[in-house]
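Next come two complexes built around subunit A: one with subunit B, the other with subunit C.
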Partner chain A sequence: MTWLPYAHALVAREDLPIPAWLFAWGASIVLIVSFFALSVGWRRPRFEEARWRPLGAGLSRGITGLPVQALCGAIGVFLLGVAVYAGLRGTEAPDRNFAVTFVFVTAWLGFPLLSVLLGDVFRPFNPWRAIGRLAGLGFTAIAGQGPRHLAYPQRLGRWPAAIGLVAFVWLEVVYGVSGGIVASPDPHTTGVAVLVYSVYALAMMALFGVEQWCRKGEIFSVYFGMFSQLGCFEVRDGRLGRRRPLAAASSWATVPGSIAMVIASIATTSFDGASEGAFKGGIETVFGWLTDIGFDPTLALRTTNTIFLALCFVGVGLVYLIGVRGMRTVHGAPPLAKLRAGFAHTLIPIAFAYLLAHYFSYFVFQEQAQFTYLLSDPLGTTTTDLFGTASGSVDYKLISATDVWYVQVGALVVGHVVGLTLAHDRAVAWWGDYRDASRSQYWMLAVMVAFTCFGLYLLSAANS
Partner chain B sequence: MNKQTKKAAAVLAALAATGVLAACGSGSSDDNGSVSGRFEPVADAPIGYANVAGEATLERPDGGTETAISLTGLKPDTAYVAHLHTGGCDGTDPGGSHFKFDPTGGEEPPNEIHFAFTANAEGEGEATARSDREVPEGEAGSIVVHLDPEAMTAAPSSIEAETVFVHEGVDHSKEGPGHGGAHEHPEKIACAQLEAETSEPAAIGPENTIVIENGEPTGGVREMEFQAGEEIAFRVESDIAEEIHVHGYDLSQNVAAGGDVEFRFPADIEGIFEVELEELGEQIAELRVEP
Partner chain C sequence: MIPLAHLGHYLWVLYLVPVLIVIAGIVRTMIVERRRRRDER
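Up next, the complex of A and B:
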């Protein structure tokens, strides 16, 4: 059988699998806490209203005012430009080029974390939004009236973003093939991809309007915005305010395509974890079939991984639908379509937990590169040293294997419990009677435990 | 066997014993071959020295020799001398004869390595001696401490003494042992047997030997597991000239076509690491370092 190694071109170290005992502990805690959370009687819904309260006007003006917004936008556009330039003109060694780490690690993994902690911070930094708004201002100044846009088809909802998310992750974990192995995309591909996406995003903004497209179709705005629903800071009508944590999520999934978005988020992370373990045998088998019928290895590998990525999407979706379908068996349940959309937000914490568990160490190590040599020598020329940190290196001893394990198990357990709490809360709101609500949630409990155990399994020794 | 071959053989034996040949990295031998030992009272030490303890180290940086001793349990404010000997601490004559750079030369520094120091009020003493010549491997057997026959009562305030022996020039020891250097030292007190710190490296078995044929590892990517804190040791035998790169630890060694290369380094980063042929980008092994 053809042997298929999986190489992260960027990181020289991979996490050790979680040992069996920790796996068992993690899974047990999940079960016990889940039953406890359900049985102690959460009888009133608490997350149905966000209870947004404005913060001090001075602070609010400082943060949401034009100078800060313009500065943030300028920083975003500048970094986008650096990433494109480095990708196109810099070294082809992925680990020495600013573009790859900045796009796939710093921004892609950093913004979800920042969004949960601080709210939707991507919005001011979003380079396409900044360019779009500037272009809109320019248009208004010249034409004397604001640009007119097409009405966004409401049925599309967040589908463009969900599909875009899968495409982005496909580019990250499937497309990049070098020497018969999957690797992260090379810098040039990254640069071109960013350029192509920029043209696409700006065109869509011109068609449908900047804010409209950012709410529904711009992959990163929607994706990072999804995580910001968990946090307690939100800007409303130019005013910064505080809200009840997690509560904003409860109204997030009412837009079509939101379920696809959150399922895609879990599925893509699962694929990245499983392709090195649980799926390895299957991937090798399918790859063997495809090469036997005449596919060249690169195409065969991409096709195989695409199939398995799609399988992840279907698998995660099915588990969720089973949980939702099960609620219908409880007296007084709303229609299935309403249930489907009504519980999608409970997967956001799971998606975040998966992200944290899978990429925590990767992020910690690769950011050391980002802020040392990649910052001082973005093109990887080895002759530039902008900030005197070009000779820096990654300290792999910064966090130990056991630290990584505890973060992984902790993230999965906490993420699961939060998801379960949100689901229970919604059930209480909709069923009214907390006993019926609890009964309906046995199904969701099964779903959550399945997700957590699957997540633990992907990180555990059983998977390697 | 003439003297030169004998010496070469001794050096080779010592090299093998201290693992210099097997050391990984760029193979710098200038910092290798350090030996050390712990002081223990000699069998017929005078009364009052039963608790003497301490450490002796001998290093060979850059073609010279640096020797350091530190002791406790001595008599307060008492002067001592110590010498590098060729023999071990056991037997009726602990240490045997003094080490001499030139066996036919005199019994004074810089031809010998001597220390002089005075214990402080707590009975502690330290001394270092440096020489610009290298004590050959295997010839530093022990360091023996005596009472200073000439300065039994002299008590310099410092408990630390440093002696520098320069081979070409005159002996400009700051506090040179002024005694005659003859073998009339009254009483041996303690002896530290000098031994290589690293034990003989374990042989690398076939399970940790990766054979490269036509640029690929035979039998697929080799998985090797180590515990953190252990020594990672493996060998690569290659039929092509390549650079072997250990990720994470970021160590590289070149291997010639038909040659082999050994890696030995402490397992101090936990995780999973690839070993690959750098030019071909081919993974040949996976190191797992478990906590």
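Up next, the complex of A and C:
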């Protein structure tokens, strides 16, 4: 018998019925079939109008009324305070300190999920918005008039939020280095970072106004708000209402910087996934070059990861731009700049799918820690047991590796089919003739298939 | 002995195949469409 010396890279998930790359082929077929089904059966736009309808006045008042808003704001401020205090005064072990899991898992991954399901739920809980509004009310009471603000430069659009998003993820996946490997930032760094960001956000709110800054520049409001565009609940003029799911996304990307925001979302998740598998060899090589020319190992690792993060950003942006350029070649196409902004919203479901696929198991495991020992012993000093769950632990058998894989594949396939549907709908609206619209969407099909295959490759490489 | 030790490093090629098929399909359709339009003119 011939012995085949398979090396480390061929180690794959043994319990999968077919190889991981065949899932990519299957997902591509689903996308191609969806594309032709849309071409045949979707001949008029359905998402250009959100068709918002108010819900019952009592329910709306109960949810959006001042007492609930004040309570949500107070909870947000309290949790921010706990995170900062735990970060600065708690244990230096990241897995035992409330701050790290709360900031980088519970809030960062939980709010996108809640936003898609329930609408922009971060808005009432936003601690900086709550503090800013309270300060504004105090100012008005003392000065007898509302605070005056600078006019927000329209050209800036969502750029501050997009740049802030990259900075936040850089802190999470690049800055934290421990023992020569990338690790979560330590609790003290997390606490300081939250404090620094709080000062920055409040200063910007004082300059440009609380609501204006939350709409355009506050990283988390813009990021979570982007995902809420996919859902069917929205508050308008203080009234809760229902709208057609996905429809609100079609007008989201008209503000400058929105394309950068959604591309940054996909790129940062891609980098986090790729750095554990697909980019490992490349990262090791560049790291070796940098240490050879005299870089300190920590600086070399941070520089290498920054380069690869930037490469992800460029790569995702290029794939999208190729798709847009391809659409431009079809008869009756709008100008390139209009196409570029007009189809950016089709990437929002992909950003969400990447997030869900990449962090699903991590979220499930870490939330067990969050709601057991981290809640009862936030400082991780083993001296408190607030809710009697300080001795709790994480059950890593709660979901199997195969289940995780199926959730990942399912999220990617559904996310890309939704993206394709949004793109087809916009094309039908802009081209008028559904045949030209379908022709223009060949290119978006290529973009979606590329993102699906890339996503599944990243996951399979990270899991192997 | 077959030297397959580092074959796993090239598995990414299999993820590229569907993308290339779709792009080839697009390019072919574009060429056919363009030729047909030129003939009609």
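By our rule, the second predicted complex is superposed on the first by the 424 of 464 C-alpha atoms of A that agree within 3 Å, B and C clash if a C-alpha of one lies under 4 Å from a C-alpha of the other, contacts with A are read in each partner's own complex, and residues count from 1 in each chain.
Keep in mind that, in the parts below, a contact is a pair of C-beta atoms (placed from the backbone, for glycine too) under 8 Å apart; a residue touches a chain by one contact, two chains touch by 3 or more.
Because the structure is a prediction, the values reported are computed rather than measured.
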{"item": "Contacts of A:445 with subunit B and subunit C, given as first, second, both or neither", "value": "second"}
{"item": "Partner chain(s) touched by A:396 [first = subunit B, second = subunit C, both, neither]", "value": "first"}
{"item": "Touched partner set for A:200, first subunit B, second subunit C, both or neither", "value": "neither"}
{"item": "Broader residue contact with subunit A after superposition on the shared chain, subunit B or subunit C", "value": "C"}
{"item": "Partner chain in contact with A:28 - subunit B first, subunit C second, else both or neither", "value": "second"}
{"item": "Partner chain in contact with A:371 - subunit B first, subunit C second, else both or neither", "value": "neither"}
{"item": "First (subunit B), second (subunit C), both or neither touched by A:456", "value": "second"}
{"item": "Touched partner set for A:139, first subunit B, second subunit C, both or neither", "value": "neither"}
{"item": "Set intersection of subunit A contacts, subunit C complex versus subunit B complex", "value": "3, 5, 7"}
{"item": "Complex contact set, residues of subunit B against subunit A", "value": "220-221, 228, 247-248, 250, 268-274, 280-283, 288-291"}
{"item": "Residue numbers on subunit A that touch subunit C, as the complex places them", "value": "2-11, 19, 21, 24-25, 28-29, 32, 278, 281, 326, 329, 439, 442-443, 445-446, 449-450, 453-454, 456-457, 460-461, 464"}
{"item": "Subunit C - residues contacting subunit A, complex", "value": "1-2, 4-9, 11-12, 14-19, 21-23, 25-26, 29-30, 33"}
{"item": "Parts of subunit A lying in touch with subunit B, wherever the complex brings them together", "value": "3, 5, 7, 12-16, 178-179, 181, 361, 393, 396-397, 400-402"}
